[in-house]
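Note that the chains take the letters A, B and C in the order they are written out, and that residue 1 is the start of every chain.
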Amino acid sequence: MTANTDSEAKRPKLTVRELTVSYSGKKAVGPVGLDIVGQHVTALIGPSGCGKSTFLRSLNRMNELIPGCTIGGTVHLDGDPIYGPGIDPVAIRRRIGMVFQRSNPFPKTIKENVAYGLRIGGMKDAREIETRVERALVQSALWDEVKDRLNDSAMGLSGGQQQRLCIARALAVEPEVLLMDEPASALDPIATAHIEELINELSAEYTVVIVTHNMQQAARVADYTAFFYLGELVEFDRTDVLFTKPSNSRTEDYITGRFG
Amino acid sequence: MIKANTAREHTNREYEGELRRLREQLLMMGAKVEDIISCSIRSLVDRDSALADQTIAADRKINQLEIDIDEHCMQILARRQPVASDLRFLTTALKLVTDLERMGDLGVNICERVLELNGEPPLKPYVDLPNMARDVQEMLHEALDAFVAADVERGQRIITRDKNIDAYYTQIFRELLTYMMEDPRNIFRATRLQSIAKYLERIGDHVTNVGELVVFMVKGKDIRHVGKLSDG
Amino acid sequence: MSAQEATATAAADRAAAARLTAVRTRRNLFADGALAVASGAALLIVLAVLTVILFDTIRHGTPHLSLSFLTEAPREGMTEGGIFPAIIGMVEMVILMTLAGVPIGVATAIYLHEYASPVSPLTRAIRIAVANLAGVPSIVFGLFGLGFFVQFLGAGIDKAFFHSEKVFGQPALIWAALTMAVLTLPVVIVATEEALRTVPRELREASLALGATKFQTVFNVVVPQASAGILTGTILAVSRGAGEVAPILFTGAAYFLPRLPKGLSSQFMSPSYHVYVLSTQSPDVDATKPILYATVLVLLGLTFTLNIAAVVVRARMRRRAGVAA
């Protein structure tokens, strides 16, 4: 199913056409067609097992790491294809970053965590690394809390701080798109509110795609929402439209809690 | 039979029950308003001041229902964070209640004029007024049915029927004018009758509002104030 | 039934239930107690055996233990003197064994866990080989070392570089070390794989999602995180290597050497072999008994220390993993 994009036609950052994801020959998701609008927040909602996380992970080629996984269809980032012979997934992942559900900082110092992506990318200039680390931590609203202890272990931070650290780590490599897989589901309400506020601020500069099982969060945070069910994209629209007058009865049933 | 908005029920049965109770309350309020309209006109035709007094007292129950339903809606909004059709139903219910309460007040106003009129001999046989009242009452009944059944067509038909009510009013007013011009002693009674007609006409306007609400609730399209919005 | 009767019946029921509960509780307590006693007794038996061995060894060995014992060479047909050459020999052998075995073992484990496809026949073959290797009796390793390293490789090297002069074609430090390396390979592989397994998948994903290659991820994230486990494996391998006799029997250990080993092709002495020698081939049993005990004490002390070190490292690794999770 191809999506109904907003008639104001904001520039799409990611265009997905006929995307299918299969595990050992069994189709899990798709075919999906979707335009992710640049510098806005798009939320993917749906019940457990509907394929929203699988879809998200196929946007930065993380699904390939699972043995037996095959991807069909195309995904284009600003017109450049992401899949294809000779296209390096490593390069794609530098342009499309990811933040995971459970924060997963490396057992290194705070500074080394944020600098990791830069170092493996080949950056050697210590001063530039420091600048980028600071900028990333400022962007993820963590700088004030850690600026005096950059060389402390990252494992000493609280859950919410660790998640913001993981966001800073992803931002340090300056991706164009940020994928977030249920980033706040392991956090308490106040830490969640911080993350949501952060997402608001980030969307001014980055294109954010967030998977969430919390519909109210999608309603609060996202400009556009896509509803997935049983591996299919059922409806995609502006969030305020989808939550007040959805076009598809399955969407209506899900968001009003009428699912069996 | 009270039908749900969609064929399926909420997974949370308590929520489903709350919505059902809300519908019942709305219907009860609507029935009471219908009663007030019919009783108020009957008290005019039958010159029954006792009935008029009773009807005025009955309005108190309507006011209480308005408060109860508003409270109920607030609770549902706070606890359930409704979206889509549920959200439209709830916001419509809040507005519906306001319209119904106003209709009740207008019914009281009619009764107050009736009490004034019953102190004097009738000006003329009452033909048009009861017909107008019957039409308005039927419209209200139809509107509430449309609301409960979530029937857009019926809702839209109500909006067109309002033209008849307006026509009634114009006719009654012209006739009363002639009576007033004939003999100044008729003015007191004529003006009271004209007020009653005006009240009925305004009840009709409120019923039209209900029709527009039904359309919004079902289709999500706001059709109020057509032709009366500012540009830009 | 009258009200009185009902009350009485209810009271009787309650009393019966209370009695039943009491019986059950007593039975449970008895079972709990019996289990505690039985396991306590087992523990005591083990401790008793250990204590007897240790006590006996310490009693007979400590008098002879001294700095000179550790730093002198054996004299007078090993009825006097110390075990210094044996200690040095063992240290050299263990160092060589570690240098040879640990990198191969770690690399194998990394390949098996990170790169190999779990279902490919090659992977399964490697795993079967490793498992079997762990079960091979150590004397067989000794024979393997003799046949392959000493007589095949050693003779070949001699023929190629030394004009068939017997240099490497005989028992030598290097061959003993390599034989021991093969013996301890399963230990290193298993310990390393276990350590790699404790590295959570999320850490690897985080690294890959930042645009790291698989090699960068393994090198920068996985191996450092698993280093404690790898270290444990190494320590365990060393501990095993220090004590084994059979593999070094034919491949490099010597009964007596007047001088310390000169190079890779020399033979060497080892405390474990020394114990065997002292107890079976001593000319004067009474004179060598104290030396025997002292040597055993040194060997035991070494093994204990290494094993405790491994336990401590593993405990710290678990604690760190608990913080990371």
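As a convention for this text, contacts are C-beta pairs under 8 Å (C-beta built on N, C-alpha and C of every residue); 3 or more make two chains touch, one makes a residue touch a chain.
This structure is a prediction, so every number in the text was calculated from the model and none was measured.
The most central chain, judged by C-alpha centres against the centre of all protein C-alpha atoms, is A. Top contact pair of chains, counted by C-beta pairs, is A-C.
The distance from the centre of chain B to the centre of chain C, each centre being the mean of the chain's C-alpha atoms, comes to 91 Å.
Averaged Cα coordinates give chain A a centre that lies 51 Å from the centre of chain B. Separating the CA-averaged centres of chain A and chain C is a span of 47 Å. Of all the residues in chain C, the ones that touch chain A in their complex are 117-118, 200, 202-203, 205-213, 216, 220-221, 224-225, 320, 323-324. The part of chain B that touches chain A in the complex is made up of residues 6, 8-12, 15, 81-88, 219-220. Touching chain B in their complex are the following residues of chain A: 215-216, 219, 243-246, 249, 251-253, 255-260.
Considering their complex, residues 60, 62, 65, 67, 90-91, 93-94, 97-98, 100, 102, 104-107, 116-117, 120-121, 155, 166, 169-170, 173 of chain A touch chain C.
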